[in-house]
């Protein structure tokens, strides 16, 4: 039996924020005449301590069981007043707020209009609050482990932090080795540390950490469940090499019949690898992998008389019969650290990247200047006619960034500095070369950035403001056509080498990850964080966090910082061992549900399933909500033809009277 | 039509974008007509299209539903469902003789306080032009 | 239509242990009326007919099964139901499969390719009606009315049901048995009923529908006969919340009809039953067909054709039309 | 008295000011509606689609209004007197039949007040409909029961016979348009309506049915005849003797009214209890009830069959459930 509603209405002056354009006394007098309203008061600041005390006192003295606060937006103070009435012994969900400030007093100047509208908003709240129900928040156990997707520097760092805190981590990497983009870099700006030197120890750590289960050459296939209880399915792709037997000696690759025939992904295609390969010498795990498309035996079914790698492998690790393996486990939190793709320079055809071998990208430059790169760090440039050591070098910045024509309006944040760094490295290697950088702006905002930029300029690297319009060939030179916009001089600059400072783009395969975890994209197409300021590592999916460039372009320190942030956020449910699930979830009236499954189809969280129940001896299917997964959006409800699924606190029977009050009352 | 007819508008706003956008309009002291009264729902996907019909039946002269821009939905897809459902409803209502100026739908993000004002002005103006709703209002029938 | 084949197939089907009964048509109680037949044994198949009078969509009986409480220990009857289905009826079956109203293994579809059905009220209006039984037959191009000793030739378009004039799927889209051969599809006529209304201005349409909906007596025959209105508890009957008051007046009737039409948008398979059964002659088909056309043209979706389709009302496309959004 | 058809428009004109309701063509069907102009009245009809019972027993009727949280009630003002012109004898008989119920254990003020204010002017049937069977259930194409005045269409003129004082008063008011009837007219009338009765082909033999029905409670015939029922209210809402109603509170904002409206025993929720138990859980029980109520319970209580043989339920049943056929089967089972 539900008790008769006894409503208290509290109209806030908010100083003069409300009372200047709303006659709050009139509103309170009006409210007192509405059905079931026992008390109606005004107060200068309802959210203040005395204001709250006023409400609590009335709850006790008048036996109120419903409270309406007519004040600011519920987005502002709903939690405050929920807490207040809870302290007075009421269920916190017996509260309704009438937004008479943001959506009334602040936007209307006429006091009659403001007062009339406030009355209606209060009446609508009365109509609804009478029918609200008490709700209880529930807690469920959380699995004390985490999944980290992507083992670049962000994933590695997040995994190490969580593992160090004592929780189990599943670190899943798509490629055969951890390390990601950072492993490809030569030096890092602005400090010029050797990228490999600072990264490799961490790579080794995450492979050897007792709390980390490294799943390299693996992909996440499916994630179900919810915060605290994600159910994960990972596909470990077949390496065709027995992981335990392989010693990483490399005899197989040396003997491979198609030795060094295939472009090395790690060297941006500038170096070559065999069909069986280790991506790079410091790869972790140091286990060889056969590329099934390149391998003669796997792709054609025949490799001479017998595959030579198998003959060469003394431990007998080669296993052509290996198949993909599915690993399943549960985790309490997920960190997405899937990184980025460098901008594909061929999408700016005017720069001739696809046409001229001496137009290269910044990533290629990284491999070229690296001592472990395809040229051993020597700057040998193939011009089409022959190999030269460039004398005239041009860098072009903002290629694929801040460029609406390719759909990327954002700044990639790292290009200014990596171009400066590469100019500096080039200057070291080619003391006599003429180096210039074409730029739109130089954004040297980070710690030590401006100083580094100054230093590079002092090293006789010329910065010319202009955005080249075209690159073409003239004789054995490349011509960069550009206007120096500071002097308004058109230039046709003849160079030997053009380095395109390509920006960062969301990964090609990010849609897969989005669908796995039901993440959203921001307008720049990177993953959307829950709040740009206050929840930058959270996502709208609870228990899923973002780290690194998958959320937006970042340099290494920012990436590491965000990874550590994500790790610490992810550890909250793991450390608590419990997660709170929302009370405002959908609920099904099984007696009217017709089991059509519309809601199952609609729910973006897979929170609803059809279950078979026994209705007086008949087996029927009805929908059932997993309250832990439900976010209470209510899309299911609006799509339910029999009105059987309803979000608590936003039920049709609570909203329809609100509509009536707003429509009918004058 | 009465000289001083003021249309009565009921609006359904999603909590995350449009309601926040309307709040922002308030914080920015943007001024707009007082004819509009908002019912907050968590997502535009929550808006049962029959609410629109119900609001007209119960005395509204115009109805507005507003949600996040496509792709921005806090619940990922709710606004897509809302768009399909309410698009259908609009066609249906128009076919049975409800002036299309009485129902609008908009995308207003949390940062679009000014767009909210424009949307309100357009909704109120259209409802004003359409005049008091005399279709199937409940009040007119033998109460 | 080969009645021999129909009855032979029916006898075979109902004789099966796993079949509860077959739903088909039999002669009605007067004139050229037909009535639904529930055939439980092979002996009764003799009453089955398939004629131009079989306008009704029997698929509605698939979901009209009443599940009263069973005594403890008693098992539910899980046997299959066989159904005679024309093109439109079979679309209802498909849509029910999509919506899990029925399961494929629970129904046997006896497909009846349909050359077009008559509208009984047109027939009675133009050719009179009798208390004694008569029969309408297909005669190739047109119809023949056999009444008393007379055979009256009736031009097809004189009495062809509107839904059949507009039909795009006369052949069953799903079937386990097909009786006779598929019929040749005809070009659907232009939907002048909808077109004329669209040509009016919005107030003109409002006046038109006010005239129609005012007459509604809320007998709910349109809802009950609809194969896709199969909710256990219709929201229009609901009191908490009350979507629609029980009062019968223009306001509530309009709300009822809008709700009904909206719930059928993207689901209606245009069998025309709602309009056929309406005792107030409200042209409900116009609304349903209008919505069906919008769904087809704007959203590229046609219900009741693919059992694996996602339900229209429970799905979306990122590029759904949004020209109406401010 | 005789009314020459040339004077018919004048006759109608005279009544128009008196809240005159008559059959009007609405869409494809006839329905009783307020007459504003004489030409709207049409007597070219078998029967109206919806019976005129609603004039005394409206489909929706406000009992009183109130405010939420307040015990004050306001009752609506009663409607004014009205004349119903062109009522078919079966429908008039039905009014008399249901009046028995509304006068039964207590006088229902709503029905009786409205009924009192009605003047029913009947029109005897020259040309009964296909599924009419009034003579089988105690009526006739020219039955005067329940009417205040009965008109017989004799071709060029109407023969007007008053039945009650209300009818007499009406004749008195229009006497300048009328002429005295003669023996010829009466003869023509008798001949015409004997012929009309003979046109009726459908019959029900109800002898033994009221007493016999209870014995057929569990008879398989009920499942058979109800199998195709879709559970709509066409048969009951369009029935001139069905008189069930439901009472509802309708709330809008904070205002409310208590009202009663037609209900139908063919609806599932008609006998649904709050507990979830339903005493008539399937269409079998509901169909059985409909027949029993008309042909047994009502006879038991009021000594009259609550069916006037108007044929509406047969004509309009979406699935050809035919009460004549059901009663034939009942009879068969009884023998």
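Lettered A, B, C and D in written order, each chain numbered from 1.
Everything below uses one rule, namely that a contact is a pair of C-beta atoms (placed from the backbone, for glycine too) under 8 Å apart; a residue touches a chain by one contact, two chains touch by 3 or more.
Since we're looking at a predicted model, the values are computed, not measured.
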item	value
Result of counting contacting C-beta pairs for A-C and A-B, higher pair	A-B
Length of the line joining the C-alpha centres of subunit C and subunit D, rounded to whole Å	31
Separation of mean Cα positions, subunit C and subunit A [Å, integer]	50
Mean-CA-position distance for subunit D and subunit B (Å)	46
Residue list for subunit C, restricted to those that touch at least two other chains	68-69, 242-243, 245, 247, 249, 313, 315
Contacts with two or more other chains, residues of subunit D listed in rising order	60, 251-253, 255
Interface hub residues of subunit A, defined as touching at least two other chains	591, 602, 639, 652, 656-657, 660, 663-664
Overall pattern in which the protein chains touch one another (line/ring/star/complete/other)	complete
Subunit B to subunit C touching residues, read off their complex	49-50, 53-54, 57, 70, 77, 80-81, 83-85, 87-100, 104-107, 118-119, 122-123, 135-138, 140-142
Subunit A residues touching subunit B - in the complex, by the definition given at the top	73-76, 99, 101-104, 106-110, 113-114, 116-117, 120-121, 124, 518, 520-521, 523, 528, 540, 584, 602, 604-605, 631-635, 637-639, 647, 650, 652, 655-656, 658-660, 662-664
Contact footprint of subunit B on subunit C as seen in their complex	197-198, 202-210, 213, 243, 245, 247, 249-252, 254-255, 257-259, 261-262, 265-266, 287, 290-291, 294-295, 298-299, 313, 315-316, 318, 320-322, 324-326
Subunit C-touching residues of subunit D, taken from the complex the two chains share	26-29, 31, 49-50, 59-60, 130-131, 201-202, 227-228, 230-234, 237-238, 246, 248, 250-251, 259, 261-262, 264, 267, 269, 281-283, 314, 316, 318-322, 324-325
Subunit C-touching residues of subunit A, taken from the complex the two chains share	591-599, 601-602, 610, 615-621, 639, 641-643, 651-653, 656-657
